[in-house]
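Look for chain A in each of the two complexes below; its partner is chain B in the first and chain C in the second.
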Partner chain A sequence: MTAYVSRRGLQAVVVLLIVTLIVFGLLSLAPGSPASASLGPGSAHRPFLLAYLTWLNRAVQGNLGFSPRLNVSVASLLAASLPRTLVLTGVSTVLALVIAIPVGLLQAVRRGTAADHVLRGLTVLCYGTPAVVLGSVLVLFLAVDPPHVFGAEGPQAPGIAAVITDVRDMTLPVCTLTLVTVGIFARYMRSSALDSLSQDYVEAARARGAGEQRVIVAHVLRNSLVPVVTLLGLSLPQIVGGAVLVEGLFNIKGMGWQLWQAALRHDVPVTLGFTLIVAVAAILGSLLADIGYAFLDPRVRHAQP
Partner chain B sequence: MRSGRAARQARKLSGAPSRAGRGRRLLAAGCAAAGLAVLAAACGPASGAASGPPHPTDTSTVTYALQPTTQATYIFPFVGATKPGSDFSVYNINDFQYQLYRPLYWFGHGVSPVLNPDLSIAYPPTYSGNQVTIKLKSTFKWSNGEPVDAQDVVFWMNMMTAENNLGNGYIGSSPGDLPSDVTNVRAVSQYEVTMNIVGPYSEAWFTNNQLSQITPMPIAWDVTASGPAHCATSVADCAAVYKYLDQQASSVSSYGTSKLWGVVDGPWKVQSLDSQGNLTMLFNDKYSGPVAPHHITKLIEVPFTTEGAEYNVLQDPTGSQVIDVGYLPTVDAPVPPAGADVGANPSSLPDYTLSPVYPWEIAYFPYDYSNPTSGPIFKQLYFREAFQDLVDQEGVISGPLHGYGKPGIGPVGDYPVTSYLSPALARKGDPWTLNIPAAKLLLSEHGWRQPAGGGPLTCADPGTGPKQCGPGVQAGAALNFNFIYASGQDFMESAARELASNASLAGMQINLTAEPFDDVVGAAFSATDHSWDLAEWGSWTYDPDYLPTGETLFQTNAPNNAGGYSDQTNDADITATLDARTPDAFSQAMYKWQDYLAGQLPVVYMPIRPVLTEAIKGLDIGVQNSALMITPEMWFYR
Partner chain C sequence: MTASQAVPDPVVGQAQLPAGGAQAEDVATGAAASARAGRGRHAGPVAVQPSGAELRAAAAGRLRRFLAVLRAHPLATVGGLVIVAVALFCYTGPALYHTDQVHVFLSQMNLSPRAGHPLGTDSDGQDELGRLMKGGQLALLIGAASGGLAVLLGSMWGAVAGYAGGAVDAVMMRIVDAGVAIPAIILLLLLTSVYRPSATLLIVVIAGTSWLTTARLVRAEALTLRTREYVQAARVMGGGSLRAILRHIAPNAMGTIVVNATFQIANAILLLATLSWLGLGVQFPSVDWGDMLSAATQGIDNGYWWQIVSPGAAIVTIVVAFVLLGDGLRDGLAGDE
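Take a look at the complex of A and B:
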């Protein structure tokens, strides 16, 4: 297992370097090069590779540059934005999993029943409703209309502790993202569980006299989680990158919203710095998904590269 | 002139989600109900869920909602030409810098965008021959106890000269403006500055458009990293001082603790400003200008992601962040009754009072006269008349603007009404109401025909005759134009689509492209970018040159003459306004210029739009200023 993780970790580092090189290269084509924007005056005429290596060296040391548009360091903007986004998307993803896994499993086990049809309709509805519409409705009924049960905007106080403890203001954005995400996870879980239920090892377990509960939990659930783990791994960049529409709707200046605004105002240092963090999250998510497979399926960790 | 609409442009750029209408609300509610049931257990009732009466008002504090996506970014009032345009915006200058550092002359007297002597640091200037004398009030003091005096004005002027020479002149100054049009700037006594004006000038223009650019700077700022400097007395020192001050202003998080920036002559001091744009200012007890007897002592400016988010917070009086002064998105405003300037407040805002303020501006979009393909077509007056016939200003106002707007009628703002507006134009109103048949007739009368294979009209009769396409227009030239406009403006999305539709009925093809505000402005003001034919970014606010003379926007080769309009008669008329020495001569020159240029349609006139301000009941914010200058030191709770 250790060798497997080490091997995948090294691959992740290489991929990360390639991703940063590509992003830096693409932004070089934009008006105002990232070199000059990130490294300051006089750097515009540096060779591309030298500029990239200089930026990378600083990034590794935690210096992601400075936004001349906002007069703030990218690191400080990141420090203010990342906790909000992590809480928002992290909590909503966990909630979505907690709801979606049993719902998907139940649908598979009760396939074709009224419960399956109802839950399928609900999950499709969640999946198909744009987050901004869903969020607007929640705000309208639960925040704007009396008795104003929840806050109309996300937590505004600085610091992750304030964000976590402000349940009233965090509820609607988390619920919005959860509802949208739960539809996706539940659909995957249902398909995967149906597939597992038709496998020979399930029949074998039943033939051996295992109880239905044990069959479902020990055999179906564990094997059905593999695609969900994949999906979860792929969700990590979204967790870090933020859900831009939900952040915009709930006045949360998180990662997604800041990155979007930086792109609109051609704020290259912020765009580059935030993209780097999202890229790290994407690669990390992929790595964690791979490790998750290996944990869930021994065939993966014993396979040769 | 400041692109003051930038603030509102930025708000639109944020892509504010449309708020669901009542019918849609019911439909969507049904859909969401199921999802809510699923989540009920997960989300549960929130602790501290509040209901009941509006929040108890803290009568010493006002929370002021900024326009979406805007925030204070730069504290040093001398914004150099190389700084980002966002540093020279209404939200950074008027809502932030002017609260700390007062300009020499304050403009805006009620809704009228004129000099306000009461709030100015200096008495109105006096002119004698080519010499102007500025006498400062001896009552104004810096917060460190030093007087705001003549040397502080010379400090600014010296900085202007030094940075101008380095290609980084004050961003609000155009080529030929201050400091190039004056010599011999001197502090002749502690409170008196004189300078000699080069060449002929209009007193009104010089006061409103030149002296309006000056913000006195304290001697405490006349320093470099190595200690005190002498920029206030010697231009040679100023480059180093600018560099030091600019560097000191480069981190917003230090503004609240900086001793340098803590020396203010305005009514407010920065307590804190964070990277997200949350700004808290405390009242400067040493402020020596006029204040309300029971004024507020803390002003919190809060940024928003979208106007929808701001409106949601406005409607929730029990939230953890309650807005005392905010704004109502036009799309959510009930249409005012016919003939009324203000309609009812939405029923969801019972605790607020609505008051619209029309900024001192004009709204328009330029033609690219330098475009090698379409430029010759745009140079034909009959074409511009036909095109303006296709713009349904009244329809835009009554439709997407919900009744809040005034049609553009010429190169001078017609609302608020000022003495600068030609009486003839004011009487005539908007002569260019939607008239598609008239547009079609004008085009057909000048040789434009539908090609056999379909498509937009093409020039079938090139030539310079009165019934031909006009000079420079080639045979086969097509009425096919690229129209770029700043994305995120809800009303403009509708207006642009309607314009394209009207144009197609007249035989033109307009290709619409929504682009970020900065991209549109970058293209429109570029001398070499001809990827566009028509470019719309919003409007032009007269600030800090408050006199709507045309030398900045409409004179040949003027720096902000987007599209490169050129007309010799117009140029001569503009020069006459700048040279008029007496108020009467100035008015006559202004009227002559406008009466001519309005009919020339150098740009496409669009409606101006108000800011719909909402103030919480009990808070008196006075009459709002059309120059978009806020005076929170005059705000108080009744």
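Take a look at the complex of A and C:
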């Protein structure tokens, strides 16, 4: 296990370095880029590698830079916006799992029946509907028309307490992100459960005379959850991507909204810093997912690389 | 895909997991891929140079199988027909239904659906139905072009990595891992904020963020294909690596690639709409469905539902059609073992 974790950890560090190189390169190689303007006096004549290493060195020490446009440090902007995004994505992901696991399992067990087709249609619809359309439709029918059940905009009060307690304004953003994520998870859970259903141990359990309910819960569900752990780690970039749109639509000043605004006003330090944080989270997510997978399934860690 | 198949190499296991956008479906594609790897088109006499007639026959065979799959999977057929219908609507529609999409008509602003404006008008007084046609042309063009480009790039990258193996493979796949770690939308925000958006740039940029998942899929397939006897035989007889990749690996991975292409196009249309909505799409008076949505959500408090429902329904229709087509093709190609 230790050997596996250290090998995977080393891989993650390499991947992270490539990410920083890609992001920094894209921003600073652009013709007449604002990158050179924002990086400080003389940086335009600084060799690319030197500029990159300077930025990386500062970032490693926790200095993400300063936004001259907003006159705040990137770190303080992050501290103000990250909690909102964490609440939004955290709650939505948990809700999506709670919905997607039973839906996918039901589809697999009742494969080919009307229930399977209806649920499949609904999940394809969730997948194919852009977050913006879904959110707008929810706003139109639940927030704009009287009796204004929910707010059309996310909580605007500063501080994290406002986000957690303002159920009326958080409902629609959370619903939107949840439904979009269900579209991804449920389709995956269905194929994972179908795999488990075709395994020998399911056959064996049935042959031993185990009841159908026990077979489903103890064998199929348990084993199809293992790949879902990996899915959770790997879909982090997608969930964050969804959060950008939901925050944009509902005017929630979280990480995604700040990143969008930074891109619109060519605010390179903010764009760089925020992208770096998202990438670190995504790489950590996939690292933890792989380690979790290895922990749950010994065949992974004993396999030869 | 049994758990044990997915598991031995964690990297391969990862490659078969969904990593972005449309790739949730590709889990099962990976399974189909590993199953299909057992059957090679060139499993016969590899040394014989296939004649033109044989190649034509093989192509005709593939086309027949493709049509048979469509017949056996009605939902895929529906998806295909819807795609054709939407394309006809967007490209031939404007010839039958004339609208002025350049001028602003202040007297016609925000009209609800009525005679003369079956889908209402937008905040510039332009007809929504005509706008839907014009916007669809761009969505289909950019979607198909960037989806195709992504598949081409990803297939070549994955085939080379999987075929080469070793250090080359490790380096190439770490680059893919790095790309996947950055959410596509954020990478797109980054790129379009630096470079000025045009249709060509959007095609390149969307393809540049979506080829990664194709690369993972095709690499997983190339890894199993390269150990097949006919590939080994071709190499023993002095065939070069390029030839092995183009003549043996690529054609046998074609099923996976075609299925992936449908999901890539769906994904590209979604990404384009998203980018346009964020204000980073094509410039006015060019228009796509995302721009229409963007204009609509700005005035959402007024309750002009038709401005959201029309482009929204158009996007959902075309994306679901591509997903249905891909699902059907995947099931069909996996099922003919």
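Keep this in mind: the second predicted complex is superposed on the first by the 283 of 305 C-alpha atoms of A that agree within 3 Å, B and C clash if a C-alpha of one lies under 4 Å from a C-alpha of the other, contacts with A are read in each partner's own complex, and residues count from 1 in each chain.
The criterion applied here is as follows: a contact is a pair of C-beta atoms (placed from the backbone, for glycine too) under 8 Å apart; a residue touches a chain by one contact, two chains touch by 3 or more.
This is a predicted model, so every value here is computed, not measured.
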Side-by-side fit of chain B and chain C on chain A, or clash: clash
Which superposed partner A:P158 touches (first chain B, second chain C, both, neither): first
First (chain B), second (chain C), both or neither touched by A:G211: neither
Touched partner set for A:G25, first chain B, second chain C, both or neither: neither
Touching partner for A:Q11 - first (chain B), second (chain C), both, neither: second
Which of chain B and chain C A:P102 touches, first, second, both or neither: neither
Touched partner set for A:L125, first chain B, second chain C, both or neither: both
Which of chain B and chain C A:P237 touches, first, second, both or neither: second
Chain C clash site on chain B (candidates 492-500, 528-536, 546-554 or 582-590): 492-500
Where chain A meets both chain C and chain B, residue numbers: 125, 129, 132-133, 136-137, 139-140, 144, 152, 245, 248-249, 264, 266
Contacting residues of chain A [partner chain C, same complex]: 8, 11, 14-16, 18-19, 22-23, 26-27, 30, 33-35, 124-125, 127-133, 136-137, 139-140, 144-145, 152, 183-184, 187-188, 191-192, 195-196, 198-199, 223, 226-227, 230-231, 234-235, 237-238, 240-241, 244-245, 248-249, 259-260, 263-264, 266, 271, 274-275, 278-279, 282-283, 286, 290, 293-294, 297, 299-300, 303-305
Sites on chain A touched by chain B in the complex: 31, 66, 68-73, 76-77, 79-81, 95, 98-99, 103, 121-122, 125-126, 129, 132-134, 136-141, 143-144, 146-153, 155-158, 166-169, 171, 174-175, 178-179, 182, 245, 247-253, 257, 261, 264-266
Complex interface listing, chain B residues touching chain A: 13-17, 19-20, 25, 28-29, 31-32, 34-36, 38-39, 42-43, 45-52, 69, 71, 73-74, 84, 86, 249-253, 274-278, 302-306, 308-310, 312-313, 315-321, 348, 516-518, 522
Complex contact set, residues of chain C against chain A: 1-4, 6-10, 13-14, 17-21, 24-25, 27-28, 31, 174-175, 177-186, 189-195, 266, 270, 273-274, 277-280, 293, 296-297, 300-303, 305, 308-309, 311-312, 315-316, 319-320, 323-324, 327
